[in-house]
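Take this structure, written in structure tokens, and hold onto it; I'll ask about it next.
Chain IDs A, B, C and D follow the sequence of writing; residue 1 opens each chain.
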């Protein structure tokens, strides 16, 4: 019809294999193998069994990395999640101590988490001008404050009936249930982010919010859902955390937001929005878990472990950029 | 007409709105606890919040270019702990030298952060998160894994915070000087305006021949410098240096700036705003125990107040915008 | 120098009762000078007995972080874990797991609940500490007037136990009847917040005579504030001599006449011997078990307030102008 | 090395080919100088570029182009979208570094390391995409990079005075202390020009300065350019509007497909020739308005108001009809249509779609009901710039092509390829990021969005802003096709020929109110102008 010159535009993507091998995910896989080789030779106690044994506590945090990745893709941040974990762990422990059925306890944790997330989402979508960082900073203080008030003096609660939590902390052979759950949810979240219309719209919002809105994307609805799911997953994290501590206290979940963000960013998800995928996030989560377990088993000073993670984090983002710059400069020279 | 324009001026300026909030806050606290509004109490408040107040100036610069720095309290701990240990083991005794060393360490830390951000294009939140761990760990290492430098070990240095100059505590002088210098710097110097320019539109700044990378570097160096200064102040004010000083305190500094109307996406924010923002936070911290709120509830109420203040700010801004539209002739 | 001699003697006498034993000592968090002293003495004692000690700190002062540490330790072949718990309840699952694996679990400084441990080495009995503090308040206030408590966090188990015990003591004896506890505030172990809280106490209670701060960070911050302001309100509590040296004195220019702390070195040593005794089966952690703690002498396991068992080191030490200078060099 | 030589050869052949466009007198001078010593110390050109080649990853944006600028002349630079005009400008000002070629300023070979060098050498540019600082004041915007400084202090008062002087010259209706972000696009454009003036540049480059301006404002600009010319300033002027060129330029250089085509005297060239030079083919009918039998009423708005933006606006549009909505910039046209399509919300009034009253809260709801708005700012509102073209086109409709919430990438790709070809986008593949396209091609991608789904009402806000004549014709053709298919079309535009050429009916707005409605037959330029100026005296005070 209108096309006069009948230009032809290619619509076949390049060979995807090339992308995978040279991508950040490819590097992460290699890094994962290297970290394991390093840890195994570094510590005599580092083996499959001990890693699987220690994994569950770390994996609980990985639950939060999934929705955090979505939030980062949006170009936003949620630093209240550690406090949400605290609050939902506290309240579910309280419900547990009323001898409620275990399913009710789990539901409490999930619902409380989702509600907290929804509060974040509500404020952020009602007052779009507010930066997420400051809102979630305030709610972080509030959620933990509520937990402090609920826990009262003493600031700690223990569950009297540990059966349910003991059960979900169980294993198939050596493999803890939580590993299956993390993998299943990880794949679901990853596919959903990468392949679904919801995911595509999330990327659109993260890349150009205004254009996405003009193109009919329900920006605020999507943000609300993501923050709510963030809360929900924090609730799930709380459930598994309680299954390893049989209780909650005012410091429960402290600093988890940073861990979740670090895992996601190390996995190549840009904090400026619109970039990265969850496959990288999942691999990086396992790298960090293995590294922490391995170094921990040699009783390396905890601060030194943090230092190493800090260096890795900075290097993971800086190196590709530097290499890219150098490559560009070389290419320019050639031209 | 005259009256209208005055109202318009007030509702149009974020700082004026904030000043109103500060006045209201002061009034409420004073009604409940009259001793709040005494010079001594206010001076104490400033002194006890010197670190946050001084560092929010650096955060202002960082946030103006659209960045953020959450490594500052680790830098503070590293620099504070370093001079603490130097003083403790008698390597230095001069107060001035201690301040200079702390600031130099801060500048070095800021320089590294700035280089990583401006030259390797690492997003600020990520880079500073990494350095938050790194500098804090270095602080621990400097302290031989957990030694403290306590009052007795600090010698003359700790007297800095207890002595006065012209009747005003030296710590408060430091705050005053910092704010005056920064007010001048941000408003009247070319470099100060360039910080705004880069934050407002980095690619335009590039085109007008501003070295964007260097400005980016500069703000983190300034931040580092103030974090180093903050380290020295912290050690001096509380007469003790511990490696976990101000753990998590960066959020207070960021909150002070945001409450003060500094935009997190860059370009917007003033020294006056940063001042008012940190005063609001300081008032909350000072007032909550004063007005007799149970300790258990204090954290939660602090969170609620922060949230309410930022939301009120938005709502007032919206009303102001709407009124401005209503005034338009059709 | 005397101490050293004693140590070598002990070694010769008790021999190598901890030969080839590996013990992990878990702290609350790195960067606590106070804990370092106990840890060092623990380590020296065990090493003198031929064993090996690994001191491990979690990355933050939370139970979550300690759980990760414990997980890690259980995977290694430790004979015993001695822990200062960040939370009473949260470590139960992991510590039970450790005990199931045959690792002996003792605790010191801050106890996990009774099911999570075999024994607790108590630095000073809760009642003794509370009694000492109450008497100090009574003494410093001159027998009557208002006093307040500046604690760490509302959740810290030790502090709460002492405060509760203080209240009980006050109610139980007429001589305290003229004292009025006006407020209990929390400085979260942050100098800044502790200072705010101290200032608020002074502003709100003009006649406040004494502040009792049973926490090292709190007492130092309060001491500095009171001294800098030349306040007539005095201070006592639990503190670290090196931190408090500047503020300790009987005259008006010092804010703290005297304060207490226990013998941290002794605590480390007793914990070490207790743990070794557990490993060697000399005790099981049951009530009325008896054992010899090297040169510290004989100890008997008693029932603790929480229903578990404990070994009590002794009464808290008093620090005043007579000994502060000397003690400040030690801790 | 060989490349450069080859370039030189080509350059000389080109010189020969187009030498007849050079005024003879000057030609002699040139030869004389050359004959004298070989080295040219003085040149008749203030600015001369030779053999410029600029390569972006995957795109040769400039291929061996040349350019000469005489002192005091206004030289138009024209060409299709993506021909490389803006890139060429950026090479001149040192924003981009050319891979090959050389540049002479007053006969001296220069090599700018960055924009600052160019500024110091007396070259100022107003770039196509505004480079302003929204949070700073107008004065600061003008003086950024060369602030007035005494005793290391910025002299605010002096700077404001100076800035107001320049603004006065431009007849601007705002103050130097106003915040840039609160100004309208046209006002911002003026600031950009004032900025160029403030550097006292000898060469001023204006990249599509009129794209965002209405006729009136363009007139102001013309006067200004004339004044500058009198003062001996040489000007390079890029525009897609022929009227600009005829009104201002004495010579015109045409680029096509990254290559230099020729330099012509404006007096000696016809419209048709120029179009042919630019597009490489002839365009017979710029406004292919089809005769369509109008159907039922599709959209009607009644007494629509939004405080501060527009008041009591009513009109309707029928199936197959193109309604032009025109007026001065800031008349509130965009706001009315944004309120209709759910982007903002009206305070009062009703919207009827096919006779039924509708309440539209979001753009997505509007699209579900069959109303789509193609926004005017394609960079900020229209496109996700870092995304591929294909994804941009399908963004509004992904859910329709999804299976159980998951994207069907294959059919999505096919669809976007089809649509992009339909609007004749010049692109390598559908994965090419939108940011790498030229303005006109970006606009085509935006238009393609409207074709992606069945629509009842299509609202096009300035669809040809900054679009070359060839692409314009194509966009008009698409518009005609849509009308034939029975779409109701609302065309917001400030370009009179376009409004007159394409609309069945013309609604004119002024200062937030509808001031008139004209039928195709009765509308004239003067009539529209009169309506759009009516009460406009009160506007613009901020």
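Observations, loosely collected:
Here is the rule we go by: a contact is a pair of C-beta atoms (placed from the backbone, for glycine too) under 8 Å apart; a residue touches a chain by one contact, two chains touch by 3 or more.
All figures in this text were calculated on a predicted structure; none of them were measured in a lab.
Of the two chain pairs considered here, A-B and B-C, the higher C-beta contact count falls to A-B.
Measuring from the averaged C-alpha position of chain A to that of chain B gives a distance of 30 Å.
One inter-chain figure worth recording: chain C and chain D are separated by 75 Å, centre to centre, where each centre is the mean of the chain's CA atoms. Chain C has its Cα centroid 36 Å from the Cα centroid of chain B. Between the Cα centres of chain B and chain D there is a gap of 44 Å.
Chain A has residues 148, 152-153, 301, 303, 306 in contact with two or more other chains. In chain D, no residue touches at least two other chains.
Shown for chain C are the residues in touch with two or more other chains, namely 30, 154. Contacting chain pairs in the structure are A-B, A-C, A-D, B-C, B-D. Put simply, chain A touches chain C in their complex at residues 45, 50, 53-54, 57-58, 148, 151-158, 162, 169, 241, 243-255, 292-293, 296-297, 299, 301-303, 305-306. Chain contact summary for the complex, chain C toward chain B: residues 29-33, 35-36, 154, 184-186, 191-193, 195-197, 199-201, 203-204, 220-221, 224, 228, 240, 242-243, 245-247, 328. Against chain B, in their complex, chain D makes its touches with residues 93, 95, 114-116, 119, 127, 131-136, 140, 144-145, 147, 149, 152-154, 156, 307-311, 511-513, 538-539. Those residues of chain A that touch chain D in the shared complex are 1-13, 191, 195-198, 200-201, 204, 207-208, 210-218, 274, 331, 335.
Within the complex formed with chain A, the chain D residues making contact are 55, 57, 99, 343, 362-364, 366-367, 373, 375, 380-387, 389-391, 395-396, 398-399, 402, 405-407, 413-414, 416-417, 420-431, 449, 474, 477-478, 481.
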